[in-house]
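Both complexes below contain subunit A, partnered by subunit B and then by subunit C.
And now, the complex of A and B:
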């Protein structure tokens, strides 16, 4: 028995070695393509790497991070990132859920709504940004301006006025991605067995009670997934804002990702830009970790 | 006068090095060397034979040149086969949008891959290039009789302001291919009706604007670039800054942007645009301004003289024949300060020696009076350059005739601008310009849209500039 066990153990060891061998190429590719650049980013963030002051280049330790704490523009960018993320996620969730509940009532032709909903998602964010910038929000010619001047007799400079510009980029992101929440929630809603509602109706539970005690708890996992996925994307949003406002006017829509880009590729300070990118990474990881924990604990119900 | 073949054939000569034979060359039978596309321009090799150098000495080299997609480079691309025939050097062009060419060039220069032998360079970037030793000092090239015929090339024929903007610490690093000045462009008919003349001072410019401003009839009084960028609103603001008496450095050689003139200048800029510019101007670059003017919705603007091509394009413009030009209005100091702009060609220091020199031949060819003429009034296509780099060419009757067709006082205003209104301290020439220019551009835009008061915007900018230049 013992001998047999040993051979089996050895066999398992062999197997394990073989398995590792099989996994190795994939792991290596992953390491080279994702981990190595990250480590390099971290390494760069500990250095002066500024093309416009090459004579300063060298190791500086945590200087950039210390500097970041006192950089008003960094905190401002972080604040905008928070506003942008919270508002876009909430809007997507509320509108997406509302649409899904409505569409669920339609007995026929739901596929049509699903199809239409997918359209904005498949557009490249840069295209979306440019499309809104030129066709929807531009002064005098944009659809929004035509609408407001016709209906309210007032013209708004959507991308030229700081607060409106922030609202605009939030609107653009919500427009493009609400469909994602809609589709996920619609699928989740459709999977709720109808007899639950029937039983509730027999118990004389009202619409609101049915929604609160049956619908919400049952689609909670889907809601959490939507929140987590959308929050992570919103935190690192870039292309649509870049195309629509470039972070402007002034710094009104310069979320952290755009500020990091600006620092690295416009101001050519790759050291500090890398530190900002790392900060964004930490924020994103922290937020997702918190959300995942919330999901496991069963909060937010 | 230069001798030029008007035919399409190129004479290929073996003894290009001897200018004495240049005259005789014309009598020699010409040999068709390459089939060229129909309609393409050609320059006579004999014009270049006058240069006392051996054009063929780097035969077989291939170089890639980064340019922006613009008429003035398209014309160069159209005539480059002349250079290829002349030198035996193959030239590839890579057209890169103006918003990306700086980054693409820097990527190439910093990684030392030597993809672009030369590229259309922004003069503000030379201090940065030089700080990193990315480009070659060109004085040795200019002085080497083996590769440069100084008398023929006549480097000093290029206006001093443009030459100076491509040098750092007295050394030359780039050769201007073209150049422009900012001028006042105005609607003659509108001004006549209002009984006003183009502004002599900034105050008058505002007063003029007040007289013609009529947005209910879709006529806005004035526009300046508002779009954020080191080359957009920071192309306009420095002129106002200097006209208000602004100095970029204090007595400790520290870069300061919070001085009284700096604030006054930004107030003037923001105030003008807020009161008299079309909505959305804070996101406008020069093409948007020129389009609005061409559509007849704008009475005046101050921008590159080169935008005259757009507002005189019959397909786009409704105001042809109603356009007049004048110099920048004077500021409170009585100074006029035009912008300094030239696309210039440096040599990538990462190239092998022989290719550097081949690149030099290309640069010399493209900046020569012959090529400048061939891409301007002698060009066969519809677009003829109005931004040539040669003082002597600006005085030639044919060039002036071309310019005069663009409106009243055009050639006079532009010439006077780049001759008299250039200010070497227009913008701070520092390697940190990409960062500083962007910080300032953001501050200017923030003030233009009212996100911050001019003073506060500049104070915030100062803090960031201190950080960006901390050493």
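And now, the complex of A and C:
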């Protein structure tokens, strides 16, 4: 009996050791490739690290953060980040859900929709940004402009006028990623047992009631997944905006992510750029914490 | 026929029609890129854009073997993405097995750590990496790019593989434990064959994310080592007006990811959402 216990304890110890051995290489690599650079980023944000003025370099404490609070462009970038994130996520969710509900009613050929939906998702965002900048939105020759010229008799400078440029980059992001919401919600909708709807039909529940009381609660987890994931990606969107507008005209499409990039690699002020990146990290963590809490509570859609 | 019957019939016809219309609208930019790629450069600048024209394959020829060949850049992307994917799989598979199936000390905390590494915005990595790689002389090198690509591939792959590991029936291991097969043998001969499909799916998504990556590529490489996304971006900055060439080259550049995306289409929701809940890709 005693011997049996001992071997059991040893087996457990053995298992733990083996498990630790299996995760060790991966975790070590993560520690070196992600956590160490993060610490370095934090360290840089507390220093004057400007490649164009290297003689100034040195420890400055929280100066960059204090400066950030009074920097109008920072608040502007934060505002743009909020607009960009909220509008793209809402648009993807609404269009994706609408399209999924439509396609669900089609008995044949759903695979075709799935296949087409995969296309924009797998494209590199930089290529998507370039397509829109040239083929779609370019003045005179872009399809959008051809359309508006023919129909409204007016040419628009889609990427050259501040408000239109912001609308354009939101449109581009929405075009590329709505298919994601569509695919996830379609899979979730397809998994709802049909007899639930049968029961509701017998109870003479209307279309809207059925949607509100059966469909919505059942796909709520999928909706939350879409919101969380798309918000995280929108917060640090880069390539498509960079390719389409470069953050311009002026700073009209410069979300915080691009501002931090610009401060570091164009103005060469790595200290202040690092502080902005830390600010973006804090925003990302706060938003994800809020969304995860919302999901646990089962609140919202 | 009752009024309700008419309405139902109308709805039945209207639903596929409107869904197809939305689909066509959505696919149009890609369709248009194909059309433009088949035009001559002068035809591209015709106003209004022509739909009837003599198609040419010259742009595709130029993008493959001609003056605008992107094959060297595609080779670079292939090397970086393949090596990064290989390293990722070698590190992620054993780790995911431990997370999913073994009693790992502080397992919950470590799992959360892996998840948290995904939260770091890419711009927060590209700044320190630029400074660090510059110091060790790894800017614009293969080893530098591969290292950087591990930062987003590895956490993603671990969590995706965990979900596949959790699908294996437990009886398989219990049978092996009775046989007293060593643990490593269990992993190699019993677990690995069971998750072969999961590994394939993980390879597809990791490779795709590496191939499409732009921010790290444009800032940490670009001269000696030039991935295909950087080449596409440079193309527009330098050859502003050559839309037909751009369309052809970018379509060729995207063929690998479109092909593997289609091949993995049954798993795409799983690949997207596991990355989703537990972090996500870097695009």
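Assume the second predicted complex is superposed on the first by the 279 of 301 C-alpha atoms of A that agree within 3 Å, B and C clash if a C-alpha of one lies under 4 Å from a C-alpha of the other, contacts with A are read in each partner's own complex, and residues count from 1 in each chain.
One rule holds for everything that comes next: a contact is a pair of C-beta atoms (placed from the backbone, for glycine too) under 8 Å apart; a residue touches a chain by one contact, two chains touch by 3 or more.
These numbers were taken from a predicted model, which means no experiment stands behind them.
Enquirer: Once the shared chain is lined up, is A:265 touching subunit B (first), subunit C (second), both, or neither of them?
Expert: both
Enquirer: With the two structures laid over each other on chain A, which partner does A:139 touch: subunit B (first), subunit C (second), both, or neither?
Expert: first
Enquirer: Mind working out whether A:35 is in touch with subunit B, subunit C, both or neither, as first, second, both or neither?
Expert: second
Enquirer: So, A:252: does it touch subunit B (first), subunit C (second), both, or neither?
Expert: Only subunit B; A:252 stays clear of subunit C.
Enquirer: Touch check for A:27: first (subunit B), second (subunit C), both, or neither?
Expert: A:27: touches subunit C, not subunit B.
Enquirer: Mind working out whether A:159 is in touch with subunit B, subunit C, both or neither, as first, second, both or neither?
Expert: Only subunit B is touched by A:159; subunit C is not.
Enquirer: Please name the chain, subunit B or subunit C, that touches the greater number of residues in subunit A.
Expert: If we count touched residues of subunit A for both partners, the winner is C.
Enquirer: After superposition on the shared chain, which partner residues are touched by A:15: those of subunit B (first), subunit C (second), both, or neither?
Expert: A:15: touches subunit C, not subunit B.
Enquirer: Once the two structures are superposed, pull the subunit A residues common to the subunit B and subunit C interfaces.
Expert: Looking at subunit A, the two contact sets intersect at 140, 265.
Enquirer: Where on subunit A does subunit C make contact in their complex?
Expert: Residues of subunit A touching subunit C: 12, 14-16, 18-20, 22-23, 25-27, 29-30, 33-35, 37-38, 40-41, 44, 49, 99, 102-103, 105-106, 112-127, 130-136, 140-141, 143, 146, 150, 175, 178-180, 183-184, 187, 225-226, 228-229, 232-233, 235-236, 238-239, 242-243, 257, 260-261, 264-265, 270, 273-274, 277-278, 280-281, 284-285, 288.
Enquirer: For subunit A, which residues are in contact with subunit B within the complex?
Expert: The contact residues of subunit A facing subunit B are 51-56, 67, 71-73, 138-140, 155, 157, 159-162, 246, 248-252, 262, 265-269.
Enquirer: Hey, which residues of subunit B end up touching subunit A in the complex?
Expert: 103, 106, 110, 128, 131-132, 228, 278-280, 282-283, 430-435, 438-439, 442-443, 445-446, 448-452, 457, 460, 463-464, 467-469, 471
Enquirer: Which of the residues in subunit C end up touching subunit A in this complex?
Expert: That would be residues 15-16, 18-19, 22-23, 26-27, 29-30, 32-33, 36, 44-45, 47-49, 91-92, 94-95, 97-99, 102-105, 107, 110, 113-114, 117, 119-132, 147-148, 150-151, 154-155, 158, 183-184, 187, 208, 211-215, 219, 229, 232-233, 236, 243, 246-247, 250, 253-254, 257-258, 260-262, 265, 268-269, 272-273, 275-277, 279-281, 283 of subunit C.
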